[in-house]
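Letters A, B and C mark the chains in the order given here, with residues in each chain numbered from 1 onward.
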Amino acid sequence: MTTKDAPLILQKDRYFDANTEKRKISRHLYRLAKDLPLVCPHGHVDPKLFAENSPFGDPTELLVIPDHYLYRMLYSQGIPMESLGVPRIDGGATETDHRKIWQIVGENFYLFRGTPTGCWLKHELHDVFGIRKRLTGDTAMEIYDQISDALAKPENLPRAMFERFNIEVLATTDSPIDTLEHHQKIRGSGWNGRIIPSFRPDQVTDIALPEWRKNIDNLSQISGIDCTNYRGFIRALEERRQFFIEMGATATDHGVKTPFTIELSAKEATNLFEKAISGRATSEDAKAFTAQILMESARMSIEDGLTMMLHPGAYRNHNEWVLKTFGRDKGCDIPMQTDYVENMKPLLNKYGTNPKLTLIVFTLDETSYARELAPLAGHYPAMKLGPAWWFHDSPEGMLRYRRMVTETAGIYNTVGFNDDTRAFPSIPARHDLARRIDSRFLADLVTEHVIDLDEAEEMIVDLSYNLVKKNYKL
Amino acid sequence: MTTKDAPLILQKDRYFDANTEKRKISRHLYRLAKDLPLVCPHGHVDPKLFAENSPFGDPTELLVIPDHYLYRMLYSQGIPMESLGVPRIDGGATETDHRKIWQIVGENFYLFRGTPTGCWLKHELHDVFGIRKRLTGDTAMEIYDQISDALAKPENLPRAMFERFNIEVLATTDSPIDTLEHHQKIRGSGWNGRIIPSFRPDQVTDIALPEWRKNIDNLSQISGIDCTNYRGFIRALEERRQFFIEMGATATDHGVKTPFTIELSAKEATNLFEKAISGRATSEDAKAFTAQILMESARMSIEDGLTMMLHPGAYRNHNEWVLKTFGRDKGCDIPMQTDYVENMKPLLNKYGTNPKLTLIVFTLDETSYARELAPLAGHYPAMKLGPAWWFHDSPEGMLRYRRMVTETAGIYNTVGFNDDTRAFPSIPARHDLARRIDSRFLADLVTEHVIDLDEAEEMIVDLSYNLVKKNYKL
Amino acid sequence: MTTKDAPLILQKDRYFDANTEKRKISRHLYRLAKDLPLVCPHGHVDPKLFAENSPFGDPTELLVIPDHYLYRMLYSQGIPMESLGVPRIDGGATETDHRKIWQIVGENFYLFRGTPTGCWLKHELHDVFGIRKRLTGDTAMEIYDQISDALAKPENLPRAMFERFNIEVLATTDSPIDTLEHHQKIRGSGWNGRIIPSFRPDQVTDIALPEWRKNIDNLSQISGIDCTNYRGFIRALEERRQFFIEMGATATDHGVKTPFTIELSAKEATNLFEKAISGRATSEDAKAFTAQILMESARMSIEDGLTMMLHPGAYRNHNEWVLKTFGRDKGCDIPMQTDYVENMKPLLNKYGTNPKLTLIVFTLDETSYARELAPLAGHYPAMKLGPAWWFHDSPEGMLRYRRMVTETAGIYNTVGFNDDTRAFPSIPARHDLARRIDSRFLADLVTEHVIDLDEAEEMIVDLSYNLVKKNYKL
């Protein structure tokens, strides 16, 4: 399934439609976007990278073992995660020969044909590491060595890469019980790369988590506030948000199964919290508590100005064996059907018209783009629509997003792209893909005379740069 | 966000694909459709316009204040509805300077880039009012004056416009408790524009409406039948339908949250109605009653020949503050997921094979096009599928509709376009867009050799003219 | 609605995009696929055809009466099924003049413009029967005679057609209580066409069927095992699977309303079965029993190696009058919304990682392609995704499938095409259409530089031939 010695070429017109007129306009618009700084308002890069600025590990350590996009596909074809070096919780044996792992990736890289992971990795290999041959079983070892060499160079240290990538700001995702020590260290280092935290409270707000009670104790400790009662808990969240703001944060993030919201009385909320603290909360209670916390978070955002991101719709850790053996976030999250109309009504009715709130809603359920989300974002002043995300930040996925959203919400109720990645060296590839697809989308509108070229020229800059800065207050 | 002095040009190939071959065939097919009379079987134009034939108001009064498509987008970007002159229920202050309102629209018209509202308004400004500059903050006042001048001319009186637009028939949407005085006046005027009512009984059949009980009294009064019992109520509906038929009506229309239908016994229906009359009906009762009324309406249609339209799937007035402050239909209706398979089974099983029934079903849930509606319309003789509607009568929306519906239902189980608008001067723009998109869709089929050109030539005329006349019996 | 004497031409570039570059590459890729043998892993052709090898009936008998795709469209336009010769259960009068029926089809063949049924039939008429005129009311009788003549020739006997069609293997769909006598006869005949059964146990596993109890008695009889207790029932299934394997079967097939699965204890399963045997099972029981049988079937597949197909999502026999009058499978099955995430979790958690299982999941709910099925198939090693199916094996339907599935699951978690037809002479047309659409899809990826041409060359062969052989173990 491989071709020996095929060259690796990044075609200059990639991801554009083949029609001559469309391609020409896509190219023109892309030229206006490609050198704009990268704004990364939501992602999972480890800030430690930049605090320490140590060399990245070997190619397998950098590009394979932490990337569940990559190994989930290999796993789906029967390649055990152990053979790819993914660590087991029980410390059981996994492959330690990183060259051998890379060889498996090379032999199976054909599986990624037609996938965004394939697109990103090719871009990354070519542009970041200077690879010029297609990754196959035949070329795997040669490429491994080339990447290893590249990683040893000072120009490929994390901070140097950050600068070379032209990243204007990179937001990480952090827990309220995180000390943000790495962010502090970066600040103290004199390096002026802008790396800011985001406030993601799920670990202390999801009362269904087994470790929730422990997290509450940690929250008490770090905040110096007794969090075993609802009032203290809420106050601690507010104070931690202040600390995050001091550390540069401009946004919060909420990962929930459904966007269910509800207005509880103070008494009901207090009772729920007490049930949770005493270990008597049911799954229904957990659902109600999450709904209540979303309401409280919107209220806090109005008070402290943090943009609020809402990421619903994933059935987390669907494969229980993988969860038990390898832990969370190992490529077994599955999107679910999601209702926004009934679920978000309480929150939108209470805060959706408040000019102080920016609520960015994401979805994994594309059926809601045209049906629910564009109409909601096209009406409520506070609500904006997040970009095609996770499973959908791909060429077809991003085109579907624009085509289903724009006609009702316009582009000005959307907020630009986010890469949402923990794979730092893939960031330029992801933004490049998004900018190309937006250029292509706009070229369609121009050639079909829905908009004029000068409008598209403004829009591509808005989509690539202005909207994200505005909505995340960056 | 504006470009000074950009010209406003209606490109002759707008909305066609840029591929040369496709464009050529689209153009050819469109030429066969563009001059066909406009048939408008479902809409919300006020018949008073034509009864009185007075000049339209100023540009803001005509094009902004009544158009919730337009101001919902501005509202979504934080522009208060008061500042756009939308009247408050409590009579509270709203902007009265119409030039100032128009200026806001001009400054923010860039928000409509890529939206059908943008397409329609550009067409309307260009073709109806002779504007040749792009609407921006810079040009707003100049354009306001030009439109004002145009509106003062006799050629822009409602009846003259009706004739110039080449409208063959225009159906309005009317309540059973409407006297149809405007329709009567038009008939008596000697003018031969064909403006007919449609029978939309929601106001007297939705027992959940706060004003329902009052409407029943009005129905009793206008029909001369005591409607406080079920039998009388049904008889009054039947008699009002007869009156509408005498006034030219050919269709009924039913706006419901879900297309739930149910076969109740006479006793159950009577009991439900009694609960409603005595103010004891629950929301479950309201759902069942609506379901029962759909069954009764189908039965009546079989008896009196009125085509039956069913419009489900909108969560009405989602923003309660807007509802309370400005009233219904102010741009806060949100589409919902809708099931047709289980919900419509009782009705389709009872009447779906009856050759005397034409039941046109609409949807706001595009996921049901290929999955449910095309298979249902491709089987039941009585059922036809309404066009892409409301949020979806846009270039992409109408293309998705054709692509998802045609393969299972063909085009002959669909019923042509309807503009569904209260914005009279936008009617030509809307039909033009639909005809262009249908031409484009058929050009795809021709260039991909799914159909031959001569077949497409017949189909474009069927889609633009014949199917709507046939299915609405016009 | 017809054009006299229009020629019937199969354009060589049909179903390809009109863009010159895309068309050229589509054509190139299609050339690599078009002569590959047809592998037909799932369908409903009657094996008796090949056991007896008698001439096919007249054109109407062959192409109209058994094809519910064809007559459902005519029925939807008000043409009674009786007038098309579809037999009534009560033996009531139906049209017997087959020329008259064919005339109706000719007159109404324009209804199939833009449908896959139209595409297939045109291909079939042209390539299988040598017709060169478009089928209309004017040409119907002439074409009837030509087909009749063709059917009389030895080259159009079933076995000769099978060979001419280049079919490598054809799987039928058979009940556990079928003796497979026709398969036995084919084997004994010395003819080496490979026609194999598939094991579809619905008739004995769906306890909601009115005839279920009788089927159980038949199962007892044919297996020689008392099937009135759960243990015997399961053992009988296992033994019948063995018999099917001996007869060449490589797969089982399960048609269910939802893909709900559940892990019951032996006792619970036994109790359920006893309730069913004693006629006391509720519809909830039937749902649970089906869910349990899916689990048992997966276990059996792991033991005996049969690939397992799961076909959920049809509301069967939606039109009760048609069911009562004409019986099952008469064109009134309607796709339903289907959840895979929660429903399949028990089965996938228990067996989804087992390397001995190949579970091929189909859907009629396209919204699940990108949202649920591609992520599930892109993770679980045992799960593969079946092709666009039934209502969706059309040009647009298959393109949507590839575009929504490939980015997350790649092509290597899909399993090639199946024709799923009972209309034997339409098989080449169906595979040809699928191969063309796959060529077109890959040409898009090549011209947009997502993949290289040599990769597409491998992929088209994989999609057309290798994947189906591998996953169905053919």
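Convention: a residue touches a chain if its C-beta (ideal position, glycine included) is under 8 Å from a C-beta of that chain, and two chains touch if they have at least 3 such contacts.
Since the structure is predicted, the reported quantities are computational estimates derived from the model, not experimental observations.
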{"item": "Interface residue overlap between copies chain B and chain C, same or different (over half shared)", "value": "different"}
{"item": "Rotation, 0 to 180 degrees and nearest 5, that superposes chain A on copy chain C via CA atoms", "value": "120"}
{"item": "Chain centre separation (chain B, chain C; CA means) in Å", "value": "40"}
{"item": "Per-residue multi-chain contacts in chain A, two or more chains", "value": "19, 367"}
{"item": "Contacting residues of chain B [partner chain A, same complex]", "value": "1, 3, 6, 11, 13-19, 72-73, 75-78, 110-116, 118-119, 134, 315, 318-321, 331-337, 364-367, 391-392, 394-397"}
{"item": "Residues of chain A that touch chain B when the two form their complex", "value": "19, 21-22, 339, 341-342, 345, 348-349, 352-353, 355, 367, 370-372, 374-381, 383, 403-404, 406-413, 444-445, 447-452, 454-455, 458-459"}
